[in-house]
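Which chain is which? They are A, B and C, in the order written, and residues in each are numbered from 1.
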């Protein structure tokens, strides 16, 4: 009965479909996350309210669990695919060139993903696992964390890596899920690139601003 | 037409005695190469020179020399089938190069395509993929009159774009991941675009992909190098069609169970 | 020495031509379905003929072993066919019929083909289109969704089906897919990178082959109940031809040496529209499909030695010589006529291009009339190919073209069952001699190869399998050992010469000799010269050829050497056949036999026969056998396309 699931997850296309669909869902999460974070710019009170609202949701644990599942699935598929691909060309070419289609973004997906993952670890520690995170007001936590130049650096790098990752990922996910049409594909490609830049700038703006305003003040 | 000129080249060519031995790059000097020669004719001239020097000529696959049999192929200065778009190695001409150029020539590199000798690789993995389902099950004699199946020109043309694949293996060689998606997809997409191929669409895509995976090719991550290097310009859309077909077969068809 | 041979029984049924094939099939012994799997058939070659035969026979239940030189059956030379395939569907409603296709083919072949065979070919032509369409071959379509047709030379109806400029590729991929289905089902044992070097004959019946494994160099034996040679044409005897580089005469030649007769070897087709030779390095020639003559107009300057570029030669200074000489067919005269006309103009000093050995094929009118896009849609891949090779843009300036060796109508002699003079040895496709007489019409080779493989051999092989009480034979039989040692000793001999010249250098020289003396025009003097030259070359080859590398290894020089050695023997029979045929017919133009206007003059009284040559041993002259050709349905007439 479950043979088909096994077959699907063992196939190159199945794995990538899973990677693509989880990726798209994660992009959805990122958009919502950024939208929420932007409330910081409306004032600390608004942000705190938003955070408390989220914290009070009953389904939060479930949502977090599902989100974690998305990450785990996405990352597992990425690792499997990368390992497979490493082995697929045991002897490398002496001269590396191309016909010009691959991009920095497409060739560094694993690395950019890894950087995002490292950032994620730090991010969770700062805001979710760290003891202080539960004691202070959310906006204050952010302020404390991001006024540390090192942390701010990591956050900015994380945002840049995310941008690189998404630059390729968005349109690529559609191709992997079988959506390719002369009418829509060029639009999706551009939409993906614009989205990548917006998300990267959006997330990078927080550490930048905190760092500049705090760091500049001292 | 540019006037014919001759030039001198430095060639760096992969040489390997057989599948079991290790190969290496060897250097050759070649003088008097005409700009009107094809790339393979340039190799012919080199081989004549090697023979008169008592050295074994360089082995390379070739047959039609007009870009349709899919025998020929090598990576030239890091580019599959050389620098030109929609061109097989046999169609590449020496006017594309300059006097004094160094040209690096390597065989396709893929786990699924072991080198047999020099520039010749074993592409039988492709055969097994086609055997796994690249056909319409119609036995000789059982076909209805051809015009009972009418097909919009658009679909016939689309199917042709996919059907043009010559099976050279350049897509695998060009793919940073060594994937064989474009090759496999070209057949899947051709047949599903035509009404004749629709009947077996689900079983076909499932078995062909399973075989493709088992042959040790890499996985597609959408670099699109395959289609850019493809001498027939098989569109990348083929891969999307195959992905879609695979998902459809898995989730919506009885064959997917 | 020659005779009207009783050995050459074509086994054609008599009576009403329309029912001959039906009656013949009915009269033939059958193999019952359960018994089919007891028979093992060896198919050498995987082009249209071999591919379609292997698939169809396996579908019927026979066990099939299939062999080819390339690393995949899909790469057989058929893949390169461009323009199209004929059938008498009459979809355009322009008056086509089975009889008209039959008539055009007999006439196009200059009345040198067998009526029964050609009629059958026309009859099954329609089934081929149906079969290929069902397999998913993407033929060109009209906007309404129905199949489209174009015109080819030698016909006044549009009956050519096509898939852009890659019809052969698409048809072959169809047959290849059918084979794949049978390989998967375990009914075809496919062996690639194998070259057949010997036929094995046991008690007078073909029972197997010896092949060399081209990767390991090992000799392999295959035994079976019938052997099908589908190994293509021998155009590469001329070195430069439009054939793929691996095309050869070896399989046919070795079968000839074991007793199969070789028919009409001098009938070679010189195709009028090929890209001209550009220099000494030239390794092969590229065809520009005949379909281009649907829209292209052939011309040369009116004044000899006019060296102005084409664009600067005004309309009134151009000579559209085909339209001038042959108003009824214009640019669409058959190939032999078009080729000779081009040669005539060039020899008279009107040729264009740096070598003056070319004529123009001009699309300006078509582009003006239909637009560049329409022309691109029809011929895009050919124009692309042309531009790649010549670095000239045919949308802007006319193509330069010249005739080149393209196809061979001659081949092993076969009867109506496609069986050679060795029982159990069947010959299909370009390798046989059967259906095109002295000149093949465009788009008819694909038709014939597929007809042989899909629709003729599946029936006719039964007659042999069911009718002759075959004893089981294994590869342990001494005939296999003998044939293998023959193959081995030839290879060893080649490696042992240790001379100074490369194989290619001999091949080029042979090609030049054949082209000069036995090409588009032939004379007694030239042919005799060629015979002497070929003997000299053969002696020089065996004295001075240098084949490096090892026997037990992938060795491309060795492969080539074996093929060239056979070409050097075969060429002599080719030229002798040409010498014997003192008439002009089709692709064979004897200078001594022409009308006052310089058109070919046939001699029906003395040459209305197929010439089949029988091997007599090394150094002996082959013996000529004649199969008389009777024409009951088509009246013999001097061909006219005016």
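The rule we apply is simple: a residue touches a chain if its C-beta (ideal position, glycine included) is under 8 Å from a C-beta of that chain, and two chains touch if they have at least 3 such contacts.
Just so we're clear, the structure is a prediction, and the values are computed from it rather than from any experiment.
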item	value
Most extensive contact between chains (C-beta pair count)	B-C
Closest chain to the centre of mass proxy, which here is the mean CA position	B
Distance between chain centroids, defined by C-alpha means - chain A, chain C (Å)	62
Between chain B and chain A, distance of the C-alpha-averaged centres to the nearest whole Å	36
Chain centre separation in whole Å, for chain C relative to chain B (CA means)	27
Residue ranges of chain B touching chain C (in the complex, touch as defined)	1-2, 4, 18, 34, 36-38, 40-41, 44-45, 47-48, 51-52, 54-57, 59, 61-71, 84, 86-87, 91, 93, 95, 116-117, 120, 122-124, 126-127, 130-147, 149-153, 156-157, 159-160, 163-164, 166-167, 190-191, 194, 196-197
Contact set on chain A toward chain B in their complex	3-4, 7-8, 10-17, 81, 84-85, 87-103, 106-107, 109, 168, 171-172, 175-182
Touch list for chain C against partner chain B, complex	52, 55-56, 59, 70-72, 74-75, 77, 79-80, 89, 91, 127, 129-136, 138-147, 163-164, 166, 169-170, 173, 176-178, 180-181, 183-184, 190, 192, 215, 244-246, 278-279, 281-284, 286-287, 384-385, 388-392, 454-455, 458, 500, 502, 504-505, 546, 548-549, 553-554, 556-557
Footprint of chain A on chain B - complex, ascending	12, 14, 25, 75, 77-80, 85, 104, 106, 109-112, 174, 176-179, 181, 206, 209-210, 212-213, 216-225, 227-229, 236-237, 239-248, 250, 256-257
